[in-house]
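Got a structure for you, written out below as structure tokens; questions coming shortly.
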Amino acid sequence: MELSREKLIDMLGKMYKIRFFEEKVDYLFSLGLVHGTMHLSIGQEAVAVGAVSALKSDDYILSTHRGHGHCIAKGADINLMMAEFLGKETGYCRGRGGSMHIADIKSGNLGATGVVGGGIPISTGVGLSIKMRKTGQVVLCFFGDGAANLGAFHESLNLAAIWKLPVIFLCENNMYGMSMSVKKAVAIKDIAKRADSYGFPGEVVDGNDILAVYEFVLKAVKRARKGEGPSLIECKTYRWKGHSKSDQNLYRSKEEIGSWKKKCPIRRFKEKLISKDILTEEKVKVIEEDAKNIIEKAVDFANNSPEPSVEEIFEGVYS
Amino acid sequence: MELSREKLIDMLGKMYKIRFFEEKVDYLFSLGLVHGTMHLSIGQEAVAVGAVSALKSDDYILSTHRGHGHCIAKGADINLMMAEFLGKETGYCRGRGGSMHIADIKSGNLGATGVVGGGIPISTGVGLSIKMRKTGQVVLCFFGDGAANLGAFHESLNLAAIWKLPVIFLCENNMYGMSMSVKKAVAIKDIAKRADSYGFPGEVVDGNDILAVYEFVLKAVKRARKGEGPSLIECKTYRWKGHSKSDQNLYRSKEEIGSWKKKCPIRRFKEKLISKDILTEEKVKVIEEDAKNIIEKAVDFANNSPEPSVEEIFEGVYS
Amino acid sequence: MRKITYAEAIREALRQEMRRDENIFLIGEDLGIYGGAFGVTRGLINEFGEERVRDTPISELAIVGASLGAAITGMRPVAEIMFMDFITLAMEQIVNQAAKMKYMFGGKAKVPMVIRTPAGSGTGAAAQHSQSLEAWFTHVPGLKVVMPSTPYDAKGLLISSIRDDNPVIFIEHKLLYKTTGEVPEEEYEIPLGVADIKRKGEDLTIIATSIMVQRAISASKELEKEGISVEIVDPRTLKPYDKKTIIESIKRTGKVIIVHEACKTGGFGAEIAAIISESESFDYLDAPIRRLGGLDIPIPYNRNLEKNAVPQIEDIIKAAKELIGK
Amino acid sequence: MRKITYAEAIREALRQEMRRDENIFLIGEDLGIYGGAFGVTRGLINEFGEERVRDTPISELAIVGASLGAAITGMRPVAEIMFMDFITLAMEQIVNQAAKMKYMFGGKAKVPMVIRTPAGSGTGAAAQHSQSLEAWFTHVPGLKVVMPSTPYDAKGLLISSIRDDNPVIFIEHKLLYKTTGEVPEEEYEIPLGVADIKRKGEDLTIIATSIMVQRAISASKELEKEGISVEIVDPRTLKPYDKKTIIESIKRTGKVIIVHEACKTGGFGAEIAAIISESESFDYLDAPIRRLGGLDIPIPYNRNLEKNAVPQIEDIIKAAKELIGK
């Protein structure tokens, strides 16, 4: 493990923040305080945090509709995220984007898109730009198993391959695209295998093992920085919650969900850190509490923030 | 060889018809008699004829911008093709389609498209319809190496795979998509390998060997008819002429073109038939002459055909 | 008569048509067990099975391509694109292939297919899940474009769309799904290309589409209290559209407001305004034509901004009063 | 002044801008050695190399996506879509992503990218290689839409488009590429959103775009012989468009014909007609607005049908005479 103690603790903290952020917004939603829908990544925290931890702070990410975790992993200010979630002027997008479009371009978070696969073509351009500007950065592009069946996936992976772009294509395979089981949507076992069509490495990773995710992404990052081109990493994981608020979960069984809950990536990482004497149960409690507090404060911040003004409704359409 | 003598002779005749048709339209074009552009498949005749020969007459094909060969292989009436080429009312499309859109739905030729890759998604629907109507037909979808980098390719092959549709995806790899060498456009050696992404067979075939093409397509057809699903067949071949009329051929060498001309698929097949005592040089001459005559007559037919009437310009927009 | 929702009316049309003709099938994402993102197809899989209520991967271009291929070989597909925003992924197959195939092939192809898709804002789903893109399709010869505003129209127009031998873009509105109205149990067709006068009136004609018909009706009730009598024309089909009914109404009232949710610039209202200004009703107009459309901005997430981005009942009332000079 | 072709003017703008700013690069199919399907980029690869004149596979969606990703991270891409018809494959990235990104992200993204694409019929390339789809893009907030009609405008507008920090759809016309006109050697900008009066006149205003400007000029020369004085307004930029110049011209002449090649129904002419009929110039009009657009059919292959599918010089002359009542 090349990771410092400090970094490992930070990673666990981020996982808790993601978990608590999402539990909180789920709750706010259930109170009817939220207009719109949202997509929770509870159960998938190891992917977001493991992957982004392998990046430097000036590297880029592209996120998805299920993107809260990616943003927090990239170091987003939870206040600004929560404010955006609640549509406030102080939010990352001045209340114009909402849950599905959190972005912070200057910190390298190039934003979430509500169109499945919509970020994949963009990531090739980011890679190209890095290459042309010779900055040594990389771009990590998140997308789901469902996105891997879109034309955008194919065109983009091909482009990244022929130009050897520094892109890490990270497929979060949570077994379903909405109600569509990946087993029905794809006729092969591993999406990672599709990298063979483009001539670069494709790897399957246990997406609930944060250190495994970290390790594989780090390898891909190194490859990308050396100018050797892109990689595809498929992280097998599972979302505990419904796809979105309209989901009645009819397409999967309670047993299946339950079995994955037993594989909770946070508990697994926590236990590992304790077993390695990096943390104690007590210290974990502190980390948990800190994370909870940050979320609570963010709700306060958001609640006390002003609504965007209707007079300024046209602001931001054009430069 | 399961092919009857008669069929073999018919196949050679079709190759000649394609060659002469295209030489003729090239000539008409050079005289300034043609409005528009055209894409010649001279040098690729073995693919069209070999592949379509493995079909029954009620099977379907989908063709491309470089589609004269596919149409002739499917048994098109050369008169109606030539009339269409010259924009006449008697043409397959009443002069509305031209070189890039020859179609004859009732004979199973579902038409050519000018959009690269545009026929691939359609072919999945044809396959689905065959499956739902339980007719036992198959559909053969032609496209180029360039088309294999479009999103349409990916979405369609995936769909055909998961539903086990009776589609034969036939990639005519003539080494270039316009000026783009397939070596630059694709980072792997064989496009056929991409079938692995969908879990069905992909095969590489010498596209200048008509019997090899026939054989591999026949295998795929049998598979499809048995309900085992699609196949991808990549036929390596070469176009002798420029991409279209705007091509100055700056991106490839005279030597390269010359070396492929030595591999003429028609001469190769002819020599094979002679060596197998199926034909003699004299009989071949007759076949050639017949083909030439058919083309000449078609030019006469087209020339003597009326122009479409402007009064009827709205006909055919809606049913 | 029995009242059902707009969503139920659509489902009933699908069910009855599928019973009538076994060549009709549904294709799209999450239509089966999930019942569609808005529940429109809920339950149909139980009656018709997975073959005819066909869930696809997320592949919008292929969904349309597959429909087209099936349509030209004897089937009658009804595709669903989950949100109209994602139809952007399928434009090539719709515009270059489905719309043009018949003409390009000399009139010889038959392309009986429907693409159902929900448009519109109001659900807090922000810029990429709220667009109203109908105007694009009215600009494409070979397509028909249908946009029902009531459960009654939804059923009858969908039945006609399914029976039509041309590609039809059938645009639903998310906020209408739960609205109710009287709908006959039996099958009936509403011919494509025939407008409906949703309300008779004398002082002013409002031409409205989709959800704006409902808002115009609400506005007209308010306006009535102030003595302003509004006639509401719902084109129902945007391509072909019923020029005659529109023009005759304007000739009677001499004043017109056109209302749609889509961005004002380049919206379908422009076409209607243009048609009026080119026609003989031009001479009958005693005030400039008034268009109300969405602001020329992406739909914002915030509830209040979102509401302000598209015409509301009050906006229609205000415009009407201004036009009448009250 | 030196005369060069429209294609050369575009090439010169690209060359001069690429010399000025090394962040500008070209991306698209067959731009390099081939020089583009219409030869517009011919020779540029010799000066700027493969990195900055970047040939792509046939992947229109990725071409636009790659441009967008580059644009938001400091580059200034100029993409080419070989025929406007194929932009249908890239609509998702253009409309949902590039156009909306800045707004959706609270104003914080900067998206300096240009998509050049040739539109129009007249080359015998039939329905899938001849479309004029500009109206779609005028309906999308966040985009700018530019459509030059002369070599001079092409150069100045392209330079402005490249320097603009928003996504610009820059629409060229195949039949204009070989037309010539005076073009300064140095760089100059023509501001986006400013119309140009291509000809002063008194009896009638013709508002025309792209190649129709040239046809209107030819028509006006004929009409002059018959004593009809035509003013020709070329919006040049369709989004944003210069309402003021249009309206003022109409106030002076009292009559207007709008001409474009795109299908009449739902075309940009509808927006112009609507704007006029909503504005104060409505009162100055002494005849109904007249729109000339392409027929509502896919472009046919046959040369004669093709010609009849879109407005020609004689059609403009005829419409003008009818409007004037001569």
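Should a chain be cited, it is by its letter among A, B, C and D, assigned in written order, with residues numbered from 1 in that chain.
Throughout what follows, a residue touches a chain if its C-beta (ideal position, glycine included) is under 8 Å from a C-beta of that chain, and two chains touch if they have at least 3 such contacts.
Given the structure is predicted, the values throughout are model-derived calculations rather than measurements.
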Connected chain clusters in the absence of chain C: one piece
Chain centre separation (chain B, chain C; CA means) in Å: 40
Mean-CA-position distance for chain B and chain A (Å): 45
Geometric centre distance via CA averages, chain C-chain A, whole Å: 36
Two or more partner chains touched - positions in chain A: 93, 95-97, 101, 113, 115, 118, 149-152, 155, 158, 162, 184-186, 317
Chain D, residues touching no fewer than two other chains: 56-57, 59, 61-62, 85-86, 89, 92, 96, 103-104, 126-128, 141-142, 295-298, 300
Chain-level touch network, classified as line, ring, star, complete or other: complete
Chain B partner contacts - residues on chain D that touch it in the complex: 29-30, 32-34, 37-39, 55-62, 85-86, 89, 123-129, 295-298, 300-306, 308-309
Residues of chain D touching chain C in the complex: 85-86, 88-89, 91-92, 94-96, 99-100, 103-104, 126-128, 131, 133, 135-136, 138-142, 239, 262-263, 265-271, 273-274, 276-280, 282, 288-291, 295-298, 300
Contact set on chain B toward chain C in their complex: 60, 91-97, 101, 103-106, 110-111, 113, 115, 118, 120-130, 132-133, 139, 151-152, 155-156, 158-159, 162, 315-319
Chain D residues within the chain A interface of the complex: 25, 51, 56-57, 59, 61-62, 64-75, 77, 92-93, 96-97, 101-112, 141-142, 144, 164-166
Residues of chain A touching chain B in the complex: 149-155, 158, 161-162, 184-188, 193-194, 196-200
